[in-house]
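These notes open a run of structures that come right after.
Same chain, two partners: subunit A is paired with subunit B first, then with subunit C.
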Partner chain A sequence: MSSQQKISDSPINFAEKIIEDVKNSKDEGVLKCVQCGMCTSICPAARHSDYNPRDIIERVLEGDESILADDNIWNCFYCYTCHSVCPVGNSVCEVNQILKQMAIENKIGYDKLYEYMGFADSYFNAAIGAIPEIFFKDIDRDVPGWWDFRLHLDEIRNELELDPPLMPSKETIDEVSKILTITGFKDKIEKIRASQEDYK
Partner chain B sequence: MRDDLKVGVFLCECGGNISDTIDLDKVKEELDVDFIGQFENLCSLNGRKIIRDAIFDYDLDRVVVAACSPISHEKTFQDYVKPLNPYLMDMANIREQCSWVHDDSKKATNKAISLINASIEKVKQSDAVDPIYCQTPDEVAVIGGGIAGMNAALSLAKQGTKVTLIEQSPSIGGHMAKIGKVFSPVKIAEECGMCLLNPILNELVWNENIKVLTNTKVIEAERRAGTYNLILEKSPRYVDEDKCISCGKCAEVCEVEVPNDWNDNLSMRKAIYRPFGQSYPESYVIDMDNCTKCSNCVKVCSMKAIKLRGKSERIPLQVGSIVVATGHKLFDMEKRPEYGYTRYDDVITQSELGRITGVNGPTKGKLLKSNGEVPKRVVMIQCVGSRDEKPDGHKYCSKICCTVALKNANIIKHKYPDTDVLICYTDVRTPGMFEKYYKHTQENEVRFLRGRPGEVVRKGDNFIVRTEDTIKGEFVEIEADMVVLSTAMEPSKGTEEIAEILNVGTTEDGFIKESHPKIKPIATDVQGIFVCGTAHEPKDITDSIMQATAAASKVGEYNYGGVEIEPFIAEIDTERCIVCGECIAHCKYKSMSIHNDEIYIDPMSCTGCGKCLIGCEQRAIAINGNIDEKIKATIGGVLSKKQKGERMILVFLDNIGYTAADNIGVNRLSYPESIHIIKVISVNRVTPKHIRYALENGADGVFIGEFPGDLMYDEVERKIQGVKNRLIELDEDPERITFSKVYIPYFTGLARKLTEFDRRIAELDGK
Partner chain C sequence: MKVVPDKDLLLFRSCLVSVEYPGVEASTKFVFDKLGIDYEISDKQTCCTGLGHYSDVFNQIDTSAIGARNFRIAKDMGRPNLVMMCATCYAINKKSVKLLNKKDDLRNHINQLFDENGLSHFKYEKDDLKPTENIYHVVDILYGKKDEIKDKIKYDLSDYKIATHHGCHYCKVHYEDTIGGVRDPNIMDELIEECGCKTIGWYDHKRATCGTGFRQRYSNPDLSFTATADKMNAIGDEDVDILVHLCPNCHIQFDRYQHLIAEREGRNFKAIHLNIAQFIALAMGGDFDKVIGVKAHTVPIDSIIKDLKEVKK
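On to the complex of A and B.
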């Protein structure tokens, strides 16, 4: 495979856009990457999928905006290990969050977000971030005994002499819902949901 | 009387640099002096004749050269005014601070007239004074007995200089003694380090000009007129060096076993021990922290060399200069638990690998794991603690670890061709001839993987090194049974301590800072103190030796050439002085001390700031060279040329601020013509009296700049605030005075501050 760099190309613009993003806390960290791969060497997502944090930065520095459409960027789940080990003070984790936001603005990745709609529902229904039911099966597979634990949580709490979990009041729930509606969160959720459900 | 002095003014066109902007004819019309002439290039050799002839022809007493900055050519013109005293000449800076910063020819010409007039008034107040020459004693202290210190000491001694070599451990030799094998990029082979070190060590021991003090540290230092008075503390050895014949019987009977630090704690030694086979002094030593005082050794010693009681001894040492060669230490692996160094015996450092493969090491040169087997695969991890911006890491590259890894990989391959050696690197840095050794290493079937491992974990009998092969873009888990970490070099504890004791500057990384990283790589920021070896920054043996011998040469320049000092420093009137010592307490530069019942002022460290004057109730101190009157005359000289409606701001800067101001001109930035800069020996010499005099005689604003690194900074800031408070009491506007930080590199900031101050003053005047 070969590629060309035209005299008018300015690959660094992509990195600059990321540096300017409000989520970036590392100043020029992206530009200082030497591709040492330490991030990839300890990245759990890299071990279990084709996600490669070093490669993310490589493509950003090449100005390769096709990365926004790469399914792999959705495999990072923000453990921040890359952020804490990077020898040049970069944070792929933050860059990843910025890339995802850019993808969403370009109407990419709605299908990935759709899986998380359960979280959004719980904000509206209970004013908390509860684990959506669609993940229960996976969790029970990965964490043996989890389902059993969850079913008997009340009894366990009781045994440990703990009070029942404190849930937000109806007023709180209404208030949170109102905030989420005014700030446009609700519209976004409906847009994502509509795009996927229409599609189906 | 001073008004009768004949003054000559020499205007330099500077090949148009000045005359293209400033109307020199107009300048000539406006100034009233005994001689004034205009010349194309005064600094050329021809200038000497022009100036000298005019001095004779017009019988001149004082000379003003209106040209470039005194920073550029003051020394030249001080020489050209001979036979006049050099300090009877003053330079008006009409290039860097006039023609190069202003475009408006008319305004620039007016400003030039003011600046030249200021110099005219100033030189009338100048006295003939002579520079002070200091001859320093030619004895030298070399601190640190590693390869750098040994070479510096030897080079000095061979040139006839008396040297005291001070080493805090029981033997000289340093890191090189324990390194095992060394290689040079030209010889594609490894050779015995000790065999190269030993001749140097022997030569040093036999040289009569060198005195070696081991177990010794510098604990105090004081400087006076180029002489350092050091206080050394020599800890007892408990074994008499002169009697001990190193037979070793004492160690045989000693019952205490402790980890042998010379072997990186990979083997054990006794409480009475000899650090290594070739250690010097050739004598045993007792590690009193671990000795049980059982006296077995005393009983068995046929030479009666051992005494279990002893006290540390304080030794005064007077030297003219000091070479700091206090070396480095290695990165503390407790800071990188992810590599498992503290958990697993077979995760080791390159230094430990050097001991293991050394024939005088714990395994007599055999590469063995802790279970006694030869490793099947050794993985080396580069840049551990180096090139690492995490808070506990070092941003710099430690420079030698790539080649150290190559060397140790080759040593393994020579002896154990079946052991796989893999070096995980980020970049292989083998500049110059070292590249050939890199190729040689590849030919030896050492393997390389480009990737920086994140962790080392145990799995069964082996380790797993987790890394990415960044060339393939693939995450890999490498099985290994030995992991070697290439740890960063960092300043030794001794380096940190000596920097504080000698008051020499350090870099942000804690190494001893050179006075200029590009062109003065051996001098420190303290006159007479030089640095070499890894106390300065990471470097290899060859570079250390080069810098050590260069340091010896620099000491020679300094010791034999003498030091010339500007004479504008404090002077004591011994008739009046009652030696109360008040001035000593006031001096921030530690220049004053009592010597033979008189106050002694060290001309090398006195800056002429005049702080001592305040404490002296006897009024027994003066600053040489009529400084107060010269400042007053300069102020008067500028202001007397003020024109109706013109705004005039006086800016007082010392050498540092003045250099920054020159840089504005050199870089062709600009600031308003109202700015008139006056160079002073120390900003603290600008007194409230001067500031009031300026404001009363037409100055619209006064700007005082000081470098925050100057020891008098806080003092000056407080003083300026005092002057402002006084103005408020007098119902005048304190905003007419400002105090500001200045830095040489930050000249753009100074230009901006000057411009802003001009605007503020204009606003006060409703303009």
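On to the complex of A and C.
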């Protein structure tokens, strides 16, 4: 963990920015943190890595924005265990998601998204949420019979008499692509992809 | 307990159920039909964005705009009660409804984008849906009908050692709406009891994450599988035959990777993995291939369930 800290002159601004974030559902919860450490005591990422939810809130309250570049924030499991037990109604899990979105907006977090571009593509182009194909090789190595199962998926679904089919209609795909264009998603993905090309 | 509806339901399709464990969808429909639950599926509804949202690719505006479209589809069908097979779809949709109701800026922003781009028909009006009254997981719906499960049970599964894994995104995200306990989750244990079986109840790490962590499984597998091993070792120590799930992502983590984690831990794990709808469908007489969809499973179901004995009536 880095021992350097960048504490701003107005530390509260950082927490205020988090409170105002669209994703925040805990009002001023972050300001109520008493540093009791309950979150860290039950956190699976703290148990198995240097991720420390109590420390994240301490740094946020100190206005230490260098946390956006700290690799440890990417170890959160999004299990919400901290969120479900916090005695003052804070949610480190949610704060962590907001920090990552800030890191992405600042382009610091772009490289963490490269492997997930396949999800963006399948949703934008086919209105389907899918495990990115880039991981298929690993899955095939780690899961005996998985690829063979996937090849027979249609037969299995037919046997189960499932409908409608997996592929959405053109109308649905067009609507979804349009929505993800006007929200700024498409532009963001193009920027990330351009940075990925430079990265290579 | 809150009142759970049994009609006007939109059964919300899940991307992971569709391509990884389609038998969860078939089993849910089978059990819903047996219990007289009124539901429909829509071919217009799209994925909640969960995998993208929790790998940080989708931001909240992207996810809530997609959500607004899905909510409008449900309302237009006269089915304002969304019921999810996946814990993450449940968490994502409930959060979008909460935010769209509470945050005027978010709702107005999305509605304005829709207005300016010919999508006004998808606009979300404040309180179009209510997070507690309209957004459910399949387990909630089954819990509302649990007194009717017992009469429909055909097979006796009580000889197996059964444990439950309650997905974090059902229990912990919107904990004020969780039925059956958050720190000591028991909704599935209670449903299994209605099938004439007793689960092992509490075990070490019962409330812990499956370890998927979305990006962790793929980008950080050591961290992911180390966390999964905590729970899998506890399940192994209890000699569990059947681990019952309510989320396809947890299901993948345990069923698909049991073999890998056994190698890492240097021990054998025998548990098979069934979704709660598959478990109840099986107890109600659902066919292995036509309802339960056992061919999709990595740990073979018949490695534990070799024959079925009928309940003595």
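Everything below uses one rule, namely that the second predicted complex is superposed on the first by the 158 of 200 C-alpha atoms of A that agree within 3 Å, B and C clash if a C-alpha of one lies under 4 Å from a C-alpha of the other, contacts with A are read in each partner's own complex, and residues count from 1 in each chain.
Convention: a residue touches a chain if its C-beta (ideal position, glycine included) is under 8 Å from a C-beta of that chain, and two chains touch if they have at least 3 such contacts.
Treat the numbers as computed from the prediction; the structure is a model and nothing was measured.
Within the superposed three-chain arrangement, the count of touched residues of subunit A is higher for C, of the candidates subunit B and subunit C.
By the document's definition of touching, neither partner reaches A:D71: not subunit B, not subunit C.
Of the two partner chains placed by the overlay, only subunit C lies in contact with A:I182; subunit B stays clear of it. Of the two partner chains, subunit C is the only one that A:E115 touches; subunit B does not reach it.
Shared-chain residue A:P87: touches subunit B; no touch with subunit C. In the superposed model, A:I128 makes contact with subunit C only, not with subunit B. Of the two partner chains, subunit C is the only one that A:P164 touches; subunit B does not reach it.
Within the superposed three-chain model, A:G37 lies in touch with subunit B and out of touch with subunit C [touch as defined at top].
Shared-chain residue A:R47: touches subunit B and subunit C both.
Of the two partner chains, subunit C is the only one that A:V143 touches; subunit B does not reach it. On subunit A, the patch touched by subunit B and the patch touched by subunit C overlap at residues 47, 85.
On subunit A, the positions that touch subunit B within their shared complex are 34-43, 46-47, 52, 54-55, 85-89. Subunit C makes touch with subunit A in their complex at residues 15-16, 18-19, 22-23, 25-26, 41, 43-44, 46-52, 54-62, 65-66, 69, 91, 95, 98-99, 102-103, 105-106, 110, 113-114, 116-117, 119, 122, 168-169, 171-173, 175, 182-183, 207-209, 211-216, 218-221, 223, 226-227, 230, 256-257, 259-260, 289-291, 293, 295-296, 298. Within the complex formed with subunit A, the subunit B residues making contact are 338, 383, 387-390, 393, 426-427, 450-455, 466-470, 473, 475. Considering their complex, residues 22-23, 25, 44-45, 47-49, 74-81, 83-85, 97, 100-101, 104, 109, 112-113, 115-117, 119-120, 123, 127-132, 135, 138-139, 142-146, 149-150, 152-153, 156-157, 159-162, 164-166, 168-169, 172, 175-176, 178-180, 182-185, 188-189 of subunit A touch subunit C.
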